[in-house]
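Pasting the structures here.
You will see two complexes here that share chain A, one where it goes with chain B and one where it goes with chain C.
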Partner chain A sequence: MDLINQSVKKWDHDPKISGAAKYVDDLRIKDMVHGKILRSTIASGTIKEIRIPTLPEGYLIVDQHDIPGKNNVHIVDDDSPCYSDGTVNFVGEAILMVVGEDMKVLDKILSEIVVVYEEHTPVLDMMKSDVIFYQYGYTKGDPDQAFQEADQILDETFTTGYQEHIYMEVQGMIGFYKDGKSTVRGSMQCPYYVHSAVKMVMGLPDQQVQIIQDEMGGAFGGKEDYPSILGAQVAVAAKKAGRPVKCVLDRREDITCTSKRHPATMHYRAAIKDKKITAIDAYAVYDCGAFTTLSKVVLQRGLIGATGVYTFDNIRVNGKGVRTNTTPNGAFRGFGGPQTFFAIEMFMNHIARAIGKDPFELKQQYLSKKGDITATNGLYHFDIPFPEMIEKLFKESGYPEKYQQYKHQTGRTRKGIGLSLTYHGCGFTGAGERDLIKGVVRLKKNYNDTVEILTAGTDMGQGLKTAFVKIVAQTLGVPMHQIIIANPDTDRVPNSGPTAASRSLMVVGKLLERAAVKLKDIWVSEEEQEVEEHYVHPEFTIPWDTENFQGDPYPDNSWSANVVEVEIDTLTGVADIVGAWGVYDVGTPVDKMIVIGQMEGGLLQAVGYGSMELMDANNKGVIRNNSLSDYIIPTAMDVPVLKTDVINNPYVVGPFGGKGAGELPAVGGAPAYVAAMESALGIDLHHTPFSQEDTLKALEAMKK
Partner chain B sequence: MSGKITFILNNEKVESNGKPSDRLLDVLRNEFELTGVKCGCKEGECGACSVLIDGVLANSCVVALGSIHNCHVTTIEGYSKTKRFEVLSKAYANFSAVQCGFCIPGMVLASEALLSHNPHPTEAEIREGISGNLCRCTGYNAIVHAIQKAAEEGNGLW
Partner chain C sequence: MVIVENGYIPADLAEALKIRGEQTVIPYAGGTDLMVDAEDHAYLFLNKVPELKRISEDETYLKIGAAATFTEILNYPGTPEILKAAIHYLAAPAIRNMATAGGNVSNASPKADSSLIFYVSDTLLKLASAKGERILPIEDFITGRGKTALQADELLVEFLMPKKGLENYYYEKVGARKALAISRVAFAGLFNMEGERITRCAAAFGSVADVVLRFRDFEAMMIGLTLPEAKAVKSEFLAKYDQAIVPIRGRVSADYRKHVCMNLLEDFLTQNGI
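And then the complex of A and B:
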C-alpha cells in the first residue's frame, strides 16, 4: 500500500516541458478559419439593430439565426443562450461571431459593426436584485428557543469578492462539421458536459456529436461550465462555414466574459449563553450574475458548509442565489465553500474575542469529531484527524506562541498570525453520483498485454493521468509503461462523469481499481479483453434529502488546517506575507509529490483570494480589472515560505485509501490571511480580499 | 537587400516574411510554428511567451520583430536540445514541478537565464529570477526546488 504514494515522473512531463504538447491554440488544421466574438458593451438592454459592414469574400457572420437546435446551452439549467436572443444581460455577452481566415481582418470587421441598443437600467448590486434563481434552507435543533434564551446575541455581516481563475491558457475551442456530425475539441474539464450542450444547440442525437479534450493549461473550475458555451458557439459556426472554426479568447475577453467565483454577502448571528454558543443563524446571498450556469450547486455546497468544521446543537441556515446583470459566475476550486467558510471562521474569531476567549480555544471547543451529528443531521462517520493536523501545523508555524506575542503591538511594522480550519466535502453533493452522473469506466486490454484506461477524466495539470495509471498498474501488478491513457474522446470513452468536485480520484479512481481487479481475475495473456465498471453508492451514508437539506451530503470530507503570518507597514499599508502553512487530510495521498503540489498551488491561490486578487465592476457593470496588469495574482516572491504537509488517514472506501484533494487547499487561505491581518491590526475584519487600501483605511479609522 | 528581417533562430539563420512591427510571439508561433512559445496575456505580464534574445530573457509578446534583426533567439524548441535542458527537465520531474505545463517552457527559459548569470543562486534569488513568469498551478515551490537541484546537479554546466 505504501508504494502508491511514492512519487513517479509525471505521465505528461516530457511533452509539456519540451514544448511539444499541443494545446488547442497550437493545433494547425487544414482549411481551418478563425472566429472572433462580438460582445455586448452594455449590461442590460435590447438590441434594436446590428449594422454589419460589407464583408470581404470568405468572411461570414454567425448568430442566433444559424442555430439548428435550441438557443439554450445546457449546463444545470438551460437559460444560458449560445448567441444573444436579441437581449443582452451582461457586459461581454456573446452577440455574434465573425468567421474568416485572417485575424486582423476579423478585428477590423468587429470594429466596424455597430450595435444599436435600447438600454435598460442594470441590476449590479446583488442586495438589490429581486430575481431569485435558487433558494434553500435547513434547520437543526431549535435555534429560535436558543436565541430567546440567549444572554448575548452577536450579529455580523461578511462579504467576499470575485476571484478569477487565471488559468494560464485562456479558453479555446475548435468546431468541425462533416456529414451531419459535429465535432468539438479544445480546452475543457468535462467532455460529456460539452457533449450534451452541443447536442441540444445543434439538434443532433448522441452519436452525431463528438467531443475531444486537448491538453489543458489549467482550469481550477473555470473550464467546467464555460466550454459548453464556447463549444456550442464553434459548433454552430463550423456548420455554417463548412470549415473547421477555431475560437481562442483574448485574455481580456476571457476575464470579462467567463465565470468567476461568486461574490457573496453573508449575515451571521450567534446566540451566546453562559459564554457558550447555543445557536448559529446564517443567511447567505450569492451573486449568480446574469445566467444560472452552475450556481444551483455552488450555492448548495456553500450553505452546507455554512457552520464550518464545528458542531452546534442549534442551527438555521438559509440562502439564495440572485440574478444581476454581471458575468455569470460558476465553478471555482472550493465551489461555494470559500465564501461561507470565510464567514464562519472570521465569526468564530470575533465571538471568541467578544466573550473573552482565545479564538483557537473556542474553535477547539466546537470542533467536530467522529460520531457527531452534522449541520444537516447527517453523521461524521470517520475519524476527523484535526488533533494530529493541528499539532503538526503549530509545530511548523509557531502559531500559539506568535499569536500571544503579536498582541498589543504599537510600532510602525506589526506582525500578525491567523488560523483557519476548514473541510471540503468529497464528490458531488448528495445522491448526484448515483442519480445524475452514474459513472462508467472501461479497461481495454490489447493483444500485446498493454491496458488502455477509458474514462472521461481530464488532466488539467492536477496529475489525473499519473494517478489513474498508478492505480491501474498497481492493482493489476504490471509496470506502469504497460498502461495507456489518452485525452478523452467521447467516441471512445464512456461517461465517467465530469472532472470536478474533487471526485476523480475518489470516485473514478475507485471504479478503475475495481475494473482492474476484475481484469486481473480474467486476465489471459495475448488476448483482447475488456471490462466495464459502474458506480455503486456507498451503503453507509444517510440518504441525502435535497428538498430539506437533511442527511449526508458527502460520503466523507477532506480536512485542512491553515496558518498565515504577515508583517504590515503601518505607514504604507503594505502587508508582506511572512509565511503560509497548511496541513491536510486527503486520505492516503496517491503520489505524495503530486498531492503536495496541489496543496501548495491551492493554498497560494487562496492567499491571493484573501489579499491581492481584487476585482470590481464600475457603475455600468464593466469589470475594471480585466487584464493581468490590473488583476494581480501571486508571483514566486509573494509567499517566500509556503509549507504544506499531509497526514495519512486512509479513507476505507477510496482507491488505496485516497479521497478528494484538489479543492481542499483553496478554502482556508483567505480566512487565515484576514485573521492574520486582524492579529496585526488588533481589530475585527469582515471581508475578503483585504487589500493594502483596506489596511490604510482601517489604520485611519483607528486613529479617530 | 530584401528588406526582410533576418535573425538566428535556435542556432539557424532565418528570414521572416513579417513586418518590423509584428509581435515576435506571433511570428514564432505562426510563421515558424514554434508553438512551445505560449501566449498567456499579450501584454508582457505572464511570461508564458518567454524566449532568450542574445541570452537575455524577454517576453516575446512585447518585442517587435524589427528589433531583433541579427539577434540570437532561443525558444524552448531549440533549448530542449541542450545538456542544460536535460538537467533542468530531470530536476523539474523530480519535484513534479510540471502541472498544466502552460507556463513551463517560459519558466525553463527563465531558469536558464538565471543560472547562466548566477550558477548558484540562493532561494531568494531564484524566486526573484522567476518572478516575471506566472504559474497558477504549483505555488512555485516545486519549481524553485527544481532550479536549486539543477544548479547542484549541473555543477559546471552553467
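And then the complex of A and C:
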C-alpha cells in the first residue's frame, strides 16, 4: 500500500481525548440566554389557543409571529415550518421557544403553558397514508413478458424499522443577532444548508448570514437536515431577545423530534423460469413522517439500489414516499439503501431456497461485473472486486463450511451464519454535484508558508480533517504540521457542499488535490498565495435522467461483503453474535486505520439495525423508546469478534485513488444478521429488527 | 462528620443513624441511580461509612455491607458463584465500581439483578436505626414496586446470605443486550439434595411482576421427594407456575416473558434430573 494509507494520529485526537475540545453545550458566551422549546403533545391537530402564564422579567416567548422572513425551513423542499403555523403534525413539533437565563425557570414556564388543540385523527400507518410526497419508477427490459412466461413467481413483503442515530452529542445551536447580521453556530454537518435556511427564515441576504460549525460529537446523517431547523429557530430567538440564545436539546427531546431512518415496506416479486431469475419487480413505500425534509433523495437512492449488487435483464422498480403524522425522517448513514438492500438480499436467499439452490451460488450467478448494464441502464465502468473480497471474507469467517454445517441443528443452542453483498453509490445522486452543489475549495498560503484548507467540510469524528490534511500535505510535498484546517465558518470558507453522501473525500478531497497541484506549480516561498478549484464532472459517466431514472446515478460505487454468525438460545430467543466480518472496497483507503474504524463502527451499527434497535410508537403516535435505556444500541460486548478489512482498488478519478467510505458499512450488516438468524432457525425471515421476541415466537411456532 | 452543601458525610454508622433519625435525608450509597435525576435535596452520603462497606463471613452467613460496591463484592474471595454470575451482567464495570447491593435492593425494582439472587438464596437484611436493629427476609423488606419496609429513621445495613447449598445454581438473565441492559426476564434457581431426597428446589423470577416472584408452597411440593417421585409431579409442578405467573407487559410482551420463564423453569428441573 502507498504512503497515503499509512496511519497518522487523527487531527482531532488530542483536543477530543484531553477534553479540551469545546462542544456547543460547553460554550459560555457573554450575555447568553437559553431557549427551551414547547413541543406538540399530539400527532395531528389545530391549535385553538395558547395560554401563557405571566412571565418573569427577562423571559420571553418566540413563535411564528417573530419570524422576519418566511416560516419555511429550506431543506430540499420548504414545507418544514420553523415554528408551528397553527397546526401540529407530529408529536414533538416545535410550537414556540421560551427564552431566558435560568433553565429551571424555563422548565417551570413550559410546564405552565396550556395549549388547547382541536385534535384530528392522525395517520400513523404508512400503508394507510393517502398523501404521496414523492413517487418514482423505472423499467429495464421487458418484465411483463418475463412474468407472463414464468413457470414460478415468488412474491414477498419485507419491512424495516426505524433507526435512531444516537450520536453522542445531542443537537444544539447558538444564535446571535448583531447589526442586522444573523450568526448561528453549533453542531452541524452542512454549514451552507443552515446558511440557506437561516437566510430564508430571517429574510436576509447572503452576506448578512454567518454559520460556524463547532466541534461535533457524531452525526451519522442526523445533523444533515435538523440543524437547519434548530438553526433557524435560534436565529429568530436571538433577534427577538437581542442576546445570544443557546438551545441544546435534551436526549428524550432529541430522540422524539429529530430525524431517523425511514421505516419501509417493500413488496418484491420474482419471475423464475427454468430455475433462473428472469425478472424482478419491486415496490417500496418509505414512511417520510410529517414533512419532506430529505425524503426525496433518500427514496431515490433506495429505489436505485432496489435490485442490489445483481444484474438482471428485466426489472421494474417503483416506489413512493408517503406522509404520516410522525417525526419527519431524514438522512441516516446509508441514506435509503439499507431498506431495499435488506429486501433484495433476503429475497435472493429465499429465491435460492425456493428453487433448491445455495443462496451464495445464486447470488454469484447474478453478481454484477465490469461492463454490465445497471438497473437504470447505466454502465458498470470499473472492476467490481467481489471475487477478491469474497475470497478474503470466506477465509476469515469460514462461511461456506459453516453454512453447510449449521443445517438441521437440534439442542438448546443453535448456530447460524449469514452473508450479504452490497454497494453504496458514491456522492450525490445523478448530476447533483454538477448542477446543484458546484463545489468550490480554496487553499490559502500564508507568508510563513503554512497552508490553510478552506472548505465547508465538517469533521464529525469520521476523520475528514485528517484525510484533507494528508491529501494536501502529500500533494504539496510538505509536512502535515504546515497545514492548517479549522472548523468551517461561512464568512471564511467557500461552499464545497455538504458533508454527506460519502462525497467529501472523493469529491472535495479531489478538488483539494487539484488545488494543491496548482499551488505547488506557482509556489513562491514567503509570499501569500491563494488558489481556488471548482467542481468538474467526470466525463465518462452516462448522464443521469432524474425524470426516468436512466443512466449512471453515481460515478462509481463502493462495495461490501459481510458475514454475521450467531448462536441462539432456544429457551430465551437470545441471539449471541459469535462474529461479524466485513471486507470493503473504498478505493484506496486514505488512512487505513481511520477507514477500519469507520467500517467497524458502521458494521456494528448495522447489526444493531438488524437485531436490537427497536423503536415503536403508541397508538397516539408517541415514540416510546426515547431514552438510552429504552432504545438499545449494541455495545462492544455484543459483538466481541468484529473483523473488517479493506482491499486496495484505486478509483481512477479519486484523490490518491480514494472513493466513498463512510456510509458503506451501514448497508450490509442487517441482511447478514437476519440471514444468520434464518440459517439458525431454518426458516425465511422478512423484517428488521429481528428481536429476541421474534426469535422465540418463531421457535414456538415451529413446535406446534 | 462533614456537612456539605447538599447533605452529610458521616464518619461512621452511629453518626449516619443519628442524622437519619433527626433529618429528612435521602440515603446515598453509590449514587448511580440517584444521580440520573439529581434533585435539590439533602443526601446522606453512606459511601464512606466503614461499617457499611465491610464484607465478611461466619460459619452460616456471607455478610455484605449495604454500601459495598459490586466490584468489591465480585472481588471478595468468599462471594458465591451465583451472585458473581448476576453481577457479571449487571450494568458495566464503571457502574459496578460505584453501585452498591444496598442501593440495588432498596430501589425495590423487580428488575434488580442482585435482588433476584437474594430472593432465591433466602437472604436476610439487617436494618438499623439509632434505637436498634431488626432483621427481615428480603421478601418482607420489599413490599411492592418501589416500596420497602424501611422506616424513615432506618438504614439498610447488611445482607446476611446463607452460605450453604449455593453451589448448584441456575441463572439466566435476558437483557436487550450483553451489557448496560435492564433485565427483561431473569431466572435463578437453587437445587439441593441430601442422599436421595430433594431438600431445596428454589426458583425466583425477576422482571415479570411488581416484585421478584418466588412460590414457596410450590417449592414445598418437591421437598423430600426422590428424583423419580419428582418426575412424577413435574407436570403438575410446572402447571402451578404456569397458572401463577402473570407477567407484566412492557418493552417485551407478557407472552414472551411467560414463555421464557416456563422454558427456564423446565430446563432447571431437567438439568437437575427431573
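Convention: the second predicted complex is superposed on the first by the 703 of 704 C-alpha atoms of A that agree within 3 Å, B and C clash if a C-alpha of one lies under 4 Å from a C-alpha of the other, contacts with A are read in each partner's own complex, and residues count from 1 in each chain.
To be clear about the criterion, a residue touches a chain if its C-beta (ideal position, glycine included) is under 8 Å from a C-beta of that chain, and two chains touch if they have at least 3 such contacts.
Just so we're clear, the structure is a prediction, and the values are computed from it rather than from any experiment.
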Once chain A of both complexes is superposed, is A:Glu700 in touch with chain B (first), chain C (second), both, or neither? second
Tell me which partner A:Ser629 touches in the superposition: chain B (first), chain C (second), both or neither. both
Check the residue A:Met637 against both partner chains and state whether it touches chain B (first), chain C (second), both, or neither.
-> both
Output check: A:Thr572 vs chain B and chain C. Expected answer is one of first, second, both, neither. What do you get? second
>> Per the contact definition in the header, classify A:Pro328: touching chain B only (first), chain C only (second), both, or neither.
In response: neither
First (chain B), second (chain C), both or neither touched by A:Arg412: second
- Considering only touches as defined above, state whether A:Ile594 meets chain B (first), chain C (second), both or neither. first
Per residue count on chain A, the busier partner among chain B and chain C is B
Note: overlapping chain A surface for chain B and chain C spans 629, 633, 635, 637
Residue positions on chain A within touch of chain C in the complex are 412, 571-574, 576, 612, 625, 629-630, 632-635, 637-638, 692-693, 696-697, 700
Counting only contacts in the complex, chain A reaches chain B at residues 7, 9-10, 12-23, 25-26, 28, 165-170, 215-220, 250-251, 460-463, 591, 593-594, 596-597, 600-605, 627-629, 633, 635-637, 639-640, 642
In the complex, chain B touches chain A at residues 29, 33-43, 45-46, 48, 75-77, 80, 85, 89, 92-93, 95-105, 108, 123-124, 126-128, 130-144
Chain C contacts chain A in the complex at 92, 172, 174, 176-182, 184-185, 251-253, 256, 259-260, 263-264, 267
